[in-house]
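To start, I am sharing the structure in question, which I have written as structure tokens.
To keep things simple, chains are lettered A, B, C and D as they appear, and every chain counts its residues starting from 1.
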Amino acid sequence: MGQHLFKELQRAYGFDEVAIVPGEVTINPDMTSTKLAIGNLSFEIPMMASAMDGTVSPRFATLMHEMGGLGVLNAEGLYCRYDDPYSVLEEITSMPQGEVTKYLQQVYSQPIREELISRRVTEIKENGAVCAVSFTPQNAKRMSPAAVEAGADMVVVQSTVTTARHVSRSYKGLVFSDLMQGLKVPVLVGNCVSYNVALELMETGVDGVLVGVGPGAACTTREVVGVGVPQVTATLECAAAREEYFRRTGRYVAVITDGGIRTGGDLCKAIASGADGVMLGTPFAQAAEAPGRGYNWGMANAHPELPRGTRIKVGTKGTLRQILYGPTSVTDGTQNLVSALKVAMGMCGAYTVRDFHKAEMVIAPSIKTEGKFFQTSG
Amino acid sequence: MGQHLFKELQRAYGFDEVAIVPGEVTINPDMTSTKLAIGNLSFEIPMMASAMDGTVSPRFATLMHEMGGLGVLNAEGLYCRYDDPYSVLEEITSMPQGEVTKYLQQVYSQPIREELISRRVTEIKENGAVCAVSFTPQNAKRMSPAAVEAGADMVVVQSTVTTARHVSRSYKGLVFSDLMQGLKVPVLVGNCVSYNVALELMETGVDGVLVGVGPGAACTTREVVGVGVPQVTATLECAAAREEYFRRTGRYVAVITDGGIRTGGDLCKAIASGADGVMLGTPFAQAAEAPGRGYNWGMANAHPELPRGTRIKVGTKGTLRQILYGPTSVTDGTQNLVSALKVAMGMCGAYTVRDFHKAEMVIAPSIKTEGKFFQTSG
Amino acid sequence: MGQHLFKELQRAYGFDEVAIVPGEVTINPDMTSTKLAIGNLSFEIPMMASAMDGTVSPRFATLMHEMGGLGVLNAEGLYCRYDDPYSVLEEITSMPQGEVTKYLQQVYSQPIREELISRRVTEIKENGAVCAVSFTPQNAKRMSPAAVEAGADMVVVQSTVTTARHVSRSYKGLVFSDLMQGLKVPVLVGNCVSYNVALELMETGVDGVLVGVGPGAACTTREVVGVGVPQVTATLECAAAREEYFRRTGRYVAVITDGGIRTGGDLCKAIASGADGVMLGTPFAQAAEAPGRGYNWGMANAHPELPRGTRIKVGTKGTLRQILYGPTSVTDGTQNLVSALKVAMGMCGAYTVRDFHKAEMVIAPSIKTEGKFFQTSG
Amino acid sequence: MGQHLFKELQRAYGFDEVAIVPGEVTINPDMTSTKLAIGNLSFEIPMMASAMDGTVSPRFATLMHEMGGLGVLNAEGLYCRYDDPYSVLEEITSMPQGEVTKYLQQVYSQPIREELISRRVTEIKENGAVCAVSFTPQNAKRMSPAAVEAGADMVVVQSTVTTARHVSRSYKGLVFSDLMQGLKVPVLVGNCVSYNVALELMETGVDGVLVGVGPGAACTTREVVGVGVPQVTATLECAAAREEYFRRTGRYVAVITDGGIRTGGDLCKAIASGADGVMLGTPFAQAAEAPGRGYNWGMANAHPELPRGTRIKVGTKGTLRQILYGPTSVTDGTQNLVSALKVAMGMCGAYTVRDFHKAEMVIAPSIKTEGKFFQTSG
């Protein structure tokens, strides 16, 4: 056994399997900066809310801006298909679980309307917020100019798996360098998980890549089609591509880990693995202000043959402010995420996110096995 | 410790431990072909239904053909022991669990009748379907000519562990090259799990090998006798043998992974590991049209000293069409298997199954640990 | 991390982590021989019942002999402390769990009586059975001559951890070569887990070594004191010592894996790992004829500072004959153990136990993860 | 995958993943010595009780002394903030779980009073016990002289992560060599987990280092901020630093493993990994005499941005004497810890703790998988 293998398999790691090693120098958390830059845009905290309809509404995008981060609006979602998306949201979030998948398939078959995209962008911009909108590759070239014209500050082009060289019979494959030339705003593209794909995407001129295929809970990619790479390894690969691309060109492309992050610990590990920022779904869908009212669901409509994302009950955990900055009496790591990052950076002596990229990490078993004798009382 | 070991142990991997890495080029799923060839036979989809009495009846074999795949009839099963197997099936599927193992032992002690084999083959052929029948090595040489004469298009010779060099006192060991000469139809042989055995079987002239010992749930081999190899490693080994044999002879022998596949993800991983096709039991036994009506049971009667397979409740999940092609609102990967394969192939830029063999894979922890905070509501 | 480690750690494996690979030649199970030799004694099946009071009584030892194996009587147990041990057994097996540990501590503080040892040996010999008795190292030299004089055919010297070089203040350490000279019967010694200790024990002239520290369920060694080696690695180490010792001297010393074996699969893996035989506690305590009536308990009295073994409910699974030879309708691997071994040997083309030592093994995840979608009905 | 990684990850191990291999020579447990020296202080048993308010009160510190160990008083805890800490303890331990985190945050915001530190030290010294008091780095230089003047025999300086080179804006970073010069008593510093940090701390002149970041159950470091190293690897690293420092200077600095130890097995593994002693929280909080009355809570107030430790129900398991020395009828390894250590040392032929450092260890799966068929009755 093992001498005649058809191919070699490398080990890949997820958040639950690694831990960050404290540094040789420690600094006080208040001395750390968590700034993130994507193209000409800059954010106080390196956190983006996923372009999911249960997570980011125009109002939530505004709130994310006020908190120092960025909420990405799904320009192909309910807000851009319905004049009144809120009554649809009401239906989705009050329907019995048995009926909801069918209903989701139905509401997402309504057409995307470009004038609604413009209207939502305007709503966000009128509140003074940075506005990012998300398209699938099929629609990006056609629809994004209108969004930018309406004031969008960033375009996100996202599908389950995105490469610089997609081949399609039904539509002309998106050429990212073409898209770049037409748009004057930063473009963030994904998702990818490997060095070569990340590097090729960077070479098309994009300003950031989203990292993550098959790691998230609202995403059924890995169970259904077997495709996926755990996030720590995926981030390490794409960060290596960013360093190589930076070495060659002097241009620094942001690497954003997207998916599978549920706690402050996961977030810190993503950034210590080389991410410049993170994109979170569930943790923000758990905010009291999230449009999903304790539910979240995927926009897994890129492959019409496969079932769309299930509606998942995520619960409501606190206000967005509590989730990001506390105060909180929750100790499971799902709140006070910014403070968690600053404390971890302090423990590793990291003044900036790029310093934190140098933190040492180890492969370590999940903490769960260590607490087996304890239960919280009552 | 470890310096004086009696023997070295290599690590072997199962489906839950690996994942497929997306490719550098992606293509649209509608551009992929999932064709499988075994000898002169060709199938639109690389999926076979196991020769188990709860899975494949003559009618189910016809249905598999209509769907583009192949259902293998167990020529030593109830259909070829009883004029009216349906009343026996009725008993098996309505009996309390406590009594059924005894009953199974009893009904499978009735003799196999060759005229019933011919009758079942005729039933399948009259419906216009490709007909494959399965024998144990003990009976293959004696009984398969009649089946072929009645019209069978393929003979499957299957036992828990099959080698080209079996030694027996009680019957003359089957010499596969002898069997080949007598039959004018493709022969599929198994099960095996290692490079050397697969290569030796190929050298006897067989058209395909079945891969899998001890991975499946209805099979008690691994718990009872400790023998078994997880399916990813077993498939990698046998695929390597196929490549070597092809290099030497120019003849391409199909490698069919049999056992342990429950979801689209498993199926995709089997093929990405080098399989040309897969043989499924439980997923097809879960079809509304399956004769087992939500139950399945093994034909583990090759070793009379050991207990026969237990009857296992697998439930009914949908029609065979739904299981293979959808539409479905189930998102756990047990339905819409063909679409899952085409989507995965698209993500890896694979136009054909043989292209998909080149997909990169990683060792990755099971997805279950990633979703721990979620529950579907209600 | 990892460059300055205080010491290196090698990986060790247990039964749940390995599987046996089928061989390139297979033979029919009825062609295999499972014979075991220890010194001048020979047994049809390589299975011994542990010297535990809930497992082996004089009557059970006789029964083991009739079945082709060997039951070892604990010469320091209840049978050799009480004229009427059966009323004590009655108490132990009918007492509430909360009171039994105290009671066990009390009954085992009664003195061992040499005339009772002789009486029990005589009982076993009168039934025509091979008689083996077990002592701790403290008592072996003083008490074993009487047992041999009464007719014992084998002496087992056993403590949790046994070395050829034990140092004690309270009693003169047992010198095994001295013991050997005084006794004319084979001596089996243990337990040990490593190459060097096994080799040193073999060099003292013993006829067999028992392998296993901390793997078993009725043994609290690993949880309480952190000491233990999983059985596959322990067996591989001691088998390597046997081969080296055989190479040097031409004398073949039996290696008996003792502890942690619960199923036919475990048993097959122990022997494929290099064991010549196995010693089982729980599987035999589950026999209808076992004196423990569905309970078992350790004789962990070598360390008076630590609590003695708890009484563990093991249940009654069938007759000893069913456990060894079937027939059975149980499919979890706990019955029909001899057939399981013969089938596994057949799958590996092994005519003898020593042939089976050459079987290939792989490190493979436990089978449990593979069956997750199934439940037996009702 | 894997060829372009941003950084390398080494594997780290926790207690549940390793086991101790018995030695080639064994000795009787009564021949072992478990002595621990820190600076000029010497202890019969290498066990310290953590500076947690639910674990060590002045009275409990006295009791630990009588048992041969050391209880460290948290000089920033309730005893040094309140004239009558006992009424606060009464509140904490009788309050519903839902209200207690808030209450803890409130009571720990009261000021630390230096005269109370002196009073508590005096209480402990009047009972004839060795007195150790614990400070955070922020307060150590200012507050420890008064404690020493009042009679404290040892100063512990402890925060979640401590390095020799901490940078802070809000207070002048503690220079350990300065602290050393001012104090005439041994200083124990922590926590750290890596070779370099341990070595740098030793070079400042401290007498001992505490090892452990993120392994313990009452500590939320790993879940919340992702930082932590499993204790076996952390101990191996710091022990390697101690050896190197000893080689260079001839001064032997004690390495104390702190956190994550729940059983005798864990304790033995910590010491076999190179620790000179251990610091335990929960096992001592489970003593009938512990001030927490079956509860324990962290003093995680070094980072005001993050929530303080939750109150955790640990239960009451027995007297401190039973926990350390038995007798006990508990067999899960949580009692009789000193005997467990002596038995393990005996099994490895270790006369002293430093001998035990040479014991071989293996990476071995947790014992839990081995006992799956057993349940204790009733």
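The rule we apply is simple: a residue touches a chain if its C-beta (ideal position, glycine included) is under 8 Å from a C-beta of that chain, and two chains touch if they have at least 3 such contacts.
Bear in mind that the values here come from a model prediction, so they are computed numbers and not experimental data.
Over half of the residue-numbered contact pairs of A-D are shared by just one pair in A-C, B-D or A-B, which is A-B. The most distant chain from subunit D, with centres taken as the mean of CA atoms, is B.
Two copies of one chain, subunit A and subunit B, touch each other, and the residues they use overlap weakly: the shared fraction of interface numbers falls below half.
The distance from the centre of subunit A to the centre of subunit C, each centre being the mean of the chain's C-alpha atoms, comes to 56 Å. Subunit B and subunit C have CA centres that are 39 Å apart. Listed for subunit C are residues 1-2, 10-13, 15, 21, 194, 229, 233, 360, 362, each touching two or more other chains. On the subunit C side of its complex with subunit A, the touching residues are 1-2, 21, 360, 362. Of all the residues in subunit C, the ones that touch subunit D in their complex are 1-7, 9-17, 96-98, 101-102, 105, 160-163, 165-170, 192-194, 196-197, 200, 213-218, 220, 222-230, 233, 260, 262, 282, 295, 303, 305-307, 309-314, 334, 366. Residues of subunit B that touch subunit A in their complex: 10-13, 15, 18-31, 194-195, 229, 232-233, 235-237, 239-241, 243-244, 263-269, 272-274, 326-333, 335-336, 339-344, 347-349, 357, 360-365, 367, 369-371, 373-378.
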